[in-house]
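Each structure below appears as structure tokens.
After this come two complexes, each holding chain A, first together with chain B and then together with chain C.
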Partner chain A sequence: MATVTEIRQETPTARTLVFDVPGWPGHLPGQHVDVKLTADDGYSAQRSYSIANGDDGERVELTVQQVGDGEVSPYLTEVLEVGDQIELRGPVGGWFVWRPHSSPPVLLIGGGSGIVPLMAMIRSRGKSDTPFRLLYSLRDPGQLFYARELEKVTAGVEVAYLYTRTAPPDAGRAAGRIRAADLVAYGWPPETSPDVFVCGPTGFVEAAADLLTELGHDPAKIKTERFGPTGG
Partner chain B sequence: MENLDYQDGNALAGPLSEIFTLDVTTAHGTCAGCGRRGALAELRVYGPEPGLVARCPGCEEVVLTLVRGPKDAWLDLRGSVSLRIPITE
Partner chain C sequence: MGIISRAFQGRPRDHDENLPPGQYLVHDFPVLSAGPTPRVPLDRWEFAIDTAEGQVHRWSWEEFLALPQETPTVDLHCVTKWSKFGTEWKGVSLDVLMEDVESAAEYALAYSYGGYTTNLPLEDLLDGKAWIVYEFDGEELAPAHGGPARLLVPHLYLWKSAKWIKGIRLLNEDWPGFWETAGYHNYGDPWREQRYQGD
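And now, the complex of A and B:
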């Protein structure tokens, strides 16, 4: 069982839950957990959530975006309080992970709450000299997760914000969905053979992965994680 | 418009960890429908109710289904010719 030790509001509809999980074996950035909620009548619902923090003892952080008609996320974003316990299974998933000893440049492309496992990778980068570039697609500035922390990352991590609906006046890019020009301007060229991680809603991931392969990136170097239409 | 109501094979990692001790989502399989090779993590996964249905991203054939009941798990691998499972020391 995992116990909530801290809660941080990221946006009006998303928050980070910090858990203490006795016996946690550690995790790799990009791995996820399955959260299982069981009602008194035995009905249970399960969802996967990416781990947001780097490996840190028995501490596990999840950032959960509320989905309107979701079965699990409203409970996690509105009801759960510090001291409450829930069932976590994990860490699971060995595919969508970045191993800090790998050396090629890293290109992270996140849509909405798809930023979460990518943030775990940034947080795990530490003093590694692997250069990172992050393209973070979000609806408007109010949807930004980890605002203060992303503002502070500098050496070796470049961040570009791709606003899809409303961009701030100083954005330097008209609002709109991710396009090839964004990958050219803010990504790594295919010749540098970056390790690419794309995460977000299914439509976003399909679009970004298609643009990458059209630009000449090797599909074998592109790892993807799709949340489904919205997550849940 | 294309139906985007799916996740990918990463979502199989937890449910399959109940059955296998190794992470099978990194295993490479061959689709019985079109012969495409790829990691289970790359499959298109529909569900979770009544069960998880994983389809080939190349030809949409069903590669794997997993239905979890209260007392057992029912795993059907009919669309997979073989699986190459990485084993680390």
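And now, the complex of A and C:
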């Protein structure tokens, strides 16, 4: 059982929901929860959402992108209000996680709302001296999540924005999908054996993971999480 | 029944008796994998069954295609909550592959190109319940969906249907696989909603 304590609009179609979850056992960055909604006739619908915040007591944050014909995401992005209660189950998943004590450099590659579990990793980095690089692919500047916070992360976290359709004039990179040159320019070289996390829609993840292996990254060091088009 | 979610209506009810609890129906075919998609050239492809007693049975791609084929039409249920009805496959029944395999083992560990593993009781692979498939919907199986060939065990959650299958090891004891050691249920029956450890 989780109670909404705060809501932050990230973009016109996405918002962050902050929950108070009594008895929450804590989580690792990259894990997700199952959200279960129940109608008054007993019908229920469940979906999985990545956790956006680092481990923080009984506080759990989700950032939900509305999916056009979705069943659960429109409710979470438009109907749910502060004070409402929903069922949350988790944390779930023990693979796509960054363990803050691990030492190799970290390469995060996110497409669209795939930024969410990667943001949990950045937020968990704290004072660790593990260097992070984030490649954040998004359609246009209006789709940016966590804008002010990403602007402020500096020491040890480098952020590159890969705009796929419309880039701002000062972007320094023509709009387009992720390509090998982006990984060379903004990623870590394979020789540094980074821990790589790729999250986003299936096509994006397939493309990024293929480019990484072609550049010589060890497939065993590349962890992926795919958001299907039906994830709503 | 859980707490009522204020003003939640949900989609029109299907009341479909073929839909396991907590699942919803999709019409596309989502992809879920834990890492990059391995590419396996057919001239290097091989499928093996190794027994707990140390015998190994191997098939090259040509030998595999020469076996009797079946075309199962089955419903798929993914632990991430989607189900897809009436998927059409072509492949070889595990009953055919196990015909000359003699073993007293009770467990199986499927392993894949790329290093994925998943465990299941051997009896869940037999009696018309499992196939090694290489065609989906009349076309060769795409790498993202497990091609050249994947295991298909449709009565369990889809993570048991190992993509990029390389072999099956028969075991006297149960060895938990990749997701089974990462918080997911050891058996994974969709009808009992065995998603996670403790379900």
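Keep in mind that, in the parts below, the second predicted complex is superposed on the first by the 231 of 232 C-alpha atoms of A that agree within 3 Å, B and C clash if a C-alpha of one lies under 4 Å from a C-alpha of the other, contacts with A are read in each partner's own complex, and residues count from 1 in each chain.
In the analysis below, a contact is a pair of C-beta atoms (placed from the backbone, for glycine too) under 8 Å apart; a residue touches a chain by one contact, two chains touch by 3 or more.
As the structure is a computational prediction, the values presented were derived from the model and not from experiment.
Q: Check chain A with both chain B and chain C modelled on it and let me know: fit or clash.
A: Partners clash after overlay.
Q: Between chain B (first) and chain C (second), which does A:226 come into contact with in this model arrangement: first, second, both, or neither?
A: both
Q: Who does A:193 touch here: chain B (first), chain C (second), both, or neither?
A: neither
Q: Could you look at A:46 and tell me whether it touches chain B, chain C, both or neither (first, second, both, neither)?
A: Both chain B and chain C are touched by A:46.
Q: Which chain, chain B or chain C, ends up touching more residues of chain A in the combined arrangement?
A: Tallying touched residues of chain A, the top partner is C.
Q: Contacts for A:96 in the overlay, against chain B (first) and chain C (second): which applies, first, second, both or neither?
A: Both partners, chain B and chain C.
Q: Looking at A:206 after the superposition, I want to know if it touches chain B, chain C, both of them or none. Which is it: first, second, both, neither?
A: Both: A:206 reaches chain B and chain C.
Q: With both complexes overlaid on chain A, does A:9 touch chain B (first), chain C (second), both or neither?
A: Neither: A:9 stays clear of chain B and chain C.
Q: Would you sort A:75 into first (chain B), second (chain C), both or neither based on which partner it touches?
A: second
Q: Superposing the two structures on chain A, identify the stretch of chain C from 4-12, 58-66, 94-102 or 148-156 that clashes with chain B.
A: 148-156
Q: With the touch criterion stated at the top, can you tell me which chain A residues are shared between the chain B interface and the chain C interface?
A: The overlap between the chain B and chain C interfaces on chain A comprises residues 46, 48, 92-96, 202, 206, 223-224, 226, 228-229.
Q: What residues of chain A sit close enough to touch chain B in their complex?
A: Those residues of chain A that touch chain B are 32-34, 46, 48, 89-90, 92-96, 201-203, 206, 223-229.
Q: Which chain A residues qualify as touching chain C in the complex?
A: Listed in rising order, the residues are 1, 36-40, 42-48, 71, 75, 79, 84-87, 92-96, 202, 206, 209-210, 212-213, 219-220, 222-224, 226, 228-231.
Q: If you look only at chain C, which of its residues touch chain A in the complex?
A: 1-11, 13, 22, 24, 26, 28, 30-38, 80-82, 114-115, 144, 178-179, 181-183, 196
Q: Applying the document's contact rule, which stretches of chain B touch chain A when the two form their complex?
A: Residues of chain B touching chain A: 4-11, 13-15, 17, 23, 25-26, 39-42, 48.
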